[in-house]
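As written, the chains take the letters A, B and C, and residue 1 is the first residue of each chain.
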Amino acid sequence: MTTFLLRRLALVLPTLFFVSVLVFGLQQLLPGDAALALAGEERDSAVVAFLRQKYHLDDPLPTRYLLWVKGVLAGDLGESIRIKRPVRDLVLEKLPVTAELAALAIVIALSIGLPMGILAAVKNDSAVDYAATMVALWGRSIPNFWLGILLILLFSVEWGLLPASGFVSPAESLSRNLATLIMPAFVLGNAIAAVMMRHTRSAMLEVLSSDYVRTARAKGLSETRVVLHHALRNALVPVITLGALEFGELLSGAVLTEQVFTIPGFGKLIVDAVFNRDYAVVQGVVLCTALAFILLNLFADVAYALVNPRLRG
Amino acid sequence: MTAGIFDTTSTGAGERPWRLALRRLARRRMALVGLAVVVFFIAVAVAAPLLAPYDPLATDWRAVRKPPSPLHLFGTDELGRDVLARLIWGARSSLMAGLVSVSIAVGVSVPLGLVSGYLSGAVDGLLMRMIDAMLAIPFLILAIPLAAFLGPNLTNAMIAIGIAQTPIFTRLTRGQVLAVKHEDYIEAARAVGNSHRRIVLRHILPNVLAPILVQATLAIAAAIIAEAALSFLGLGQQPPAPSWGSMLNSATHFIAQEPWMAVWPGLAIFSLVLSFNLLGDGLRDALDPRGG
Amino acid sequence: MFSRRTLIAVSLVGSMLIAGSAAAQTLRIGLAEDPDVLDPTLSRTFVSGIVRTALCDKLFDIGLELEIVPQLATKWEWTADKQGLVISLRSNVKFHDGEPFDAAAVKYSIERHLTMPGSTRKRDISAISGVEIIDDHTAKLQLSAAFAPLLAQLAGPAGTIISPKAARAAGENFGSHPVCAGPFKFVERVAQDRIVVERFADYWDNDKIKIDRIVYLPIPDSTVRLANLQSGGLDLTQVAATDLDTVRKDPGLKLAAVNGIGYSGISINVANGERSTLPLGRDARVRQALELSIDREALNQVVFNGENQPGNQWVSPTNPYYLKEFPIPARDVAKAKALLAAASAPNPVITMTATNNPVVLQTAQVIQAMAKESGFDIRIQAAEFASALQLAAKGDFEAFLLGWTGRIDPDGNIYNLVTCNSPFNDGHYCNPEVDRELDAARMVDARAERLAHYRIVAEHILKDLPIVYLYHGKWLYAASARLSGFVPYPDGLIRPQGLQMK
């Protein structure tokens, strides 16, 4: 087990290196002069020159890359040129927001995906199977920014039930926090519900035809008990480990959802920073999310291997 | 046997497994519905010049944002253009966004995955780390700077989406290659003296096709949504050319007063994407050796 | 589906949730984007100015007719040679940290605007060569040359006075907690989420302040901003022309509008690099034909529901510096065709660059359609804002559809845009006589004299057309019906004086 873990960990470093090169390249190669973009409408040449000098914008690319990496290894992710705050502070501030949104989204995805998946597996190949597939798939087929706007129009403008946008931290008021997050979490969770449903369905199908379940049935236990108690418990492990991999898709969806609902999380931070050419912010945030994603993958691999010793080889 | 259903040597010529899969597909009504809708939209896109009642670019100052009427069946948009005409022509852009980007992705990743999986060793290791790096960056977060880098228009959006989808296909291809590489018949082919290229193209590639096809269908759905997302940010198809994504984008500003502008492109995207998803889902079940 | 009672009950709970924050007279204002740094010397965005209006007072302010009115300065007088300005300062004014406002603070602030590295205010007041402290409540600004627009500049961000003690202590980080002498003091800021300010008890004009707290909420999507307003999440926000119908139909909202000081137009590359050698850049007749192909009224009607102001000069038709002898030309396709024929360019192909913003692109498309009739083949090239700026600076454009946010003094709307080698003159238009007249207009302050100079400028500019001015935006606001006392100002800044929530 330890060799497996060590080998996996050893792969993380080169991957991270490539991530850093990739994200650095993506940012630095963007057309447009960052100093000019951030100098504002005034375009004062003194300001532009000052920005160029302060943020080393005229140095050759490899130098800038090394400067950046050196900073990262020392814990300094650079500074947002636009609002003059350290990227590290911004990351620590926004991370809990997106994390909470993602967690709620997964809860919603599971509450749609799990029951649908169980139903589809149990009533395999019937009309119920198809209906469950449709329900789970619809979230994947609708552009999330559009769904978001529709929900806002219905729940905020028309019915006045929920705030149209914005975010209240749970420390300030848990009820208002949930009120601001429920719609965006639904939009996000809806999109990955189909995947959860798929995983649940195949995992359940596999377990339901296993010896373990056949024994339970032979023992005379009711079908419900067999499904919910025995089968589901075993099916959950692969579902959850595979679900961890949906993290990447959640972040991808969060980009637009946070924009529409004005949730001050990672997604919004990145989009704004790309358009404002606020290099350090994009690089720092993407590096952090990539690291989180890689570690989650690692966790999923390990958990899966723990369950399935055959994969450790 | 862990090999896919298209194990050419074990079932002889490749014809029978395809027929088996097609029969299984035919039994899945949802997938057929999906296929029918997709074919319908493709037909609409191809026949656009004949079907569209007006020139999708023709503006009419006196008919700005008018509701559906006998003159304009789906109403007009913010510049007085006929929504139905733009919807019909927009089918081309949206379908192209899906098909072209996935073709780029498949065209790049299948060779990469084949090479990587077959050669193993350092080449494979290096390539996989790069692929992992791309996978570690969430899709849209990769696509947005790419599209911004290339410049805002439909072609560049397609390239950006295609590139962003490459890692998934590469991983998939490579996985399939690894699963099949050590099979007896491959060893046998090698022993008989077949060149590496022949082995890869004749014996390994067919096994890769099935999961790639499934993933491609699902990826087309995702690509159409991605184009809409990029348009929402101003990076996809630029006006005046119509695409459902950019129509949705402008329509969201008028949604309270003139909902017809947003409803139709939204419904169009929804039905096309859902259909691709159903089709892909059905294909996956049909081609899965284990499925019902 | 829901019984009426359920709906009402649920709405009540909903509004209680939302109104929970309105306990002590809090005003929630929506912004179109997240402000950048709040330091008045370093800030570069317009929305920063909106927040700073509540936090920081300036030496002067403007009235509704763009006239200069006192704020931190009570009286002012030019010296005989017009190269000195003696300002009397208001007494009994304190900064948020309790420090007194005096001539030393004025000297410190102005010098900071002039000398701090990265200062975006330097060019505005570069005419000031020194600040002299006459006594605690009198300061004298020494100019290197007469400069009539100075007062207008000091009624803008360059006239903001900050607490020297706080600025010296915070250094570069002053922007994260600005300390000034405005009606509100800074409480907190969560990036991209909100900026909170609360009432400053010792403000000199406290009678006019009836709000305890202001929360600024950046919400980039205009549809979502409006939705917030309708559902009670916001009390005041700027809206787009196309949102007006929705606002008018809602009994809980009301509208306020004022003519802005900016303009939108087509900037043409006449001498910057090889893209200026096309017929459009080479021959003024082609540019005149383009102008004559556009029906500005119809453009305003289609894109803005008629809510903006069509215009053909760098100031709007209602501005005191508008030259009435050059009215807006009507559309004349026949004449346009004739001009193109005379210029031997009957079907010019033009690439028009526009930022990828829906309204801008709509405007571009309308122009494209209108100009087609005269024979123009306009291709629209959408560019992202940051890339667009660089393209413009490099001369990599033929025609650029863009806007200028506007300055209080008319000089600010033209000097740096058409004089030879000026910073915003991307098209590199250069006409020495125009430069002479614009320089002269800066040195006199009598309106009639300045108009005489601008008249000559217009004779050249409106014929050479380095910029085809199209329209002037209006500031459109929607507010909750519970908000009273809101007066929109032409500079687009939201002044808290007089605002009250019922």
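By definition in this document, a residue touches a chain if its C-beta (ideal position, glycine included) is under 8 Å from a C-beta of that chain, and two chains touch if they have at least 3 such contacts.
Note that the coordinates shown come from a computational prediction; the quantities given were computed from them, not determined experimentally.
Asker: Give the identifier of the chain nearest to the protein's overall CA centre, each chain being represented by its own CA mean.
Answerer: Chain A is the most central one.
Asker: Name whichever of B-C and A-B has more C-beta pairs touching across its two chains.
Answerer: If we tally the C-beta pairs in contact for A-B and B-C, the bigger total goes to A-B.
Asker: Where the CA atoms of chain A average out and where those of chain C average out, how many Å apart are those spots?
Answerer: 38
Asker: Starting from the mean Cα coordinates of chain A and chain B, work out the distance between those two points in Å.
Answerer: 22
Asker: Roughly how many whole angstrom separate the Cα centroids of chain B and chain C?
Answerer: 45
Asker: Return the residues of chain B touching two or more other chains; collapse runs of consecutive numbers into ranges.
Answerer: As it turns out, chain B has residues touching two or more other chains at 148, 151, 252, 255-256.
Asker: Residues of chain C touching 2+ other chains?
Answerer: Only 223, 384, 387 qualify.
Asker: Hey, what residues on chain A touch two or more of the other chains?
Answerer: 30-31, 149, 153, 157, 275, in rising order.
Asker: Quick one: which bits of chain B touch chain A in the complex? Just the residue numbers, please.
Answerer: 29-30, 129-130, 132-142, 144-146, 148-149, 151, 221, 225, 228-229, 232-233, 245, 248, 252, 255-256, 262, 266, 269-270, 273-274, 277-278, 281, 292
Asker: In the complex of these two chains, what residues of chain C are touching chain B?
Answerer: Result: residues 222-223, 226, 240, 242-243, 245-246, 298, 301-303, 356-358, 361-362, 364-366, 368-369, 380, 382-384, 387 of chain C touch chain B.
Asker: In their complex, what parts of chain A are in touch with chain B?
Answerer: Those residues of chain A that touch chain B are 11, 14-19, 21-23, 26-27, 29-31, 124-125, 130, 133-134, 137-138, 140-146, 149-150, 153, 157, 194, 248-249, 251-253, 255-256, 270-271, 274-275, 282, 286, 289-291, 293-294, 297.
Asker: Which positions of chain A touch chain C when the two form their complex?
Answerer: So the residues of chain A in touch with chain C come to 30-34, 36-47, 50-51, 54, 82-85, 90, 93-94, 149, 152-153, 156-157, 159-167, 173, 175-176, 179, 259-262, 264, 268-269, 272, 275-277.
Asker: List the residues on chain C that touch chain A in their complex, please.
Answerer: Chain C reaches chain A through residues 7, 10-11, 14-15, 17-18, 20, 34-37, 42-46, 117-120, 122-123, 172-173, 175-176, 190-194, 217-221, 223-224, 227-228, 230-233, 384-390, 393, 404-405, 423-424.
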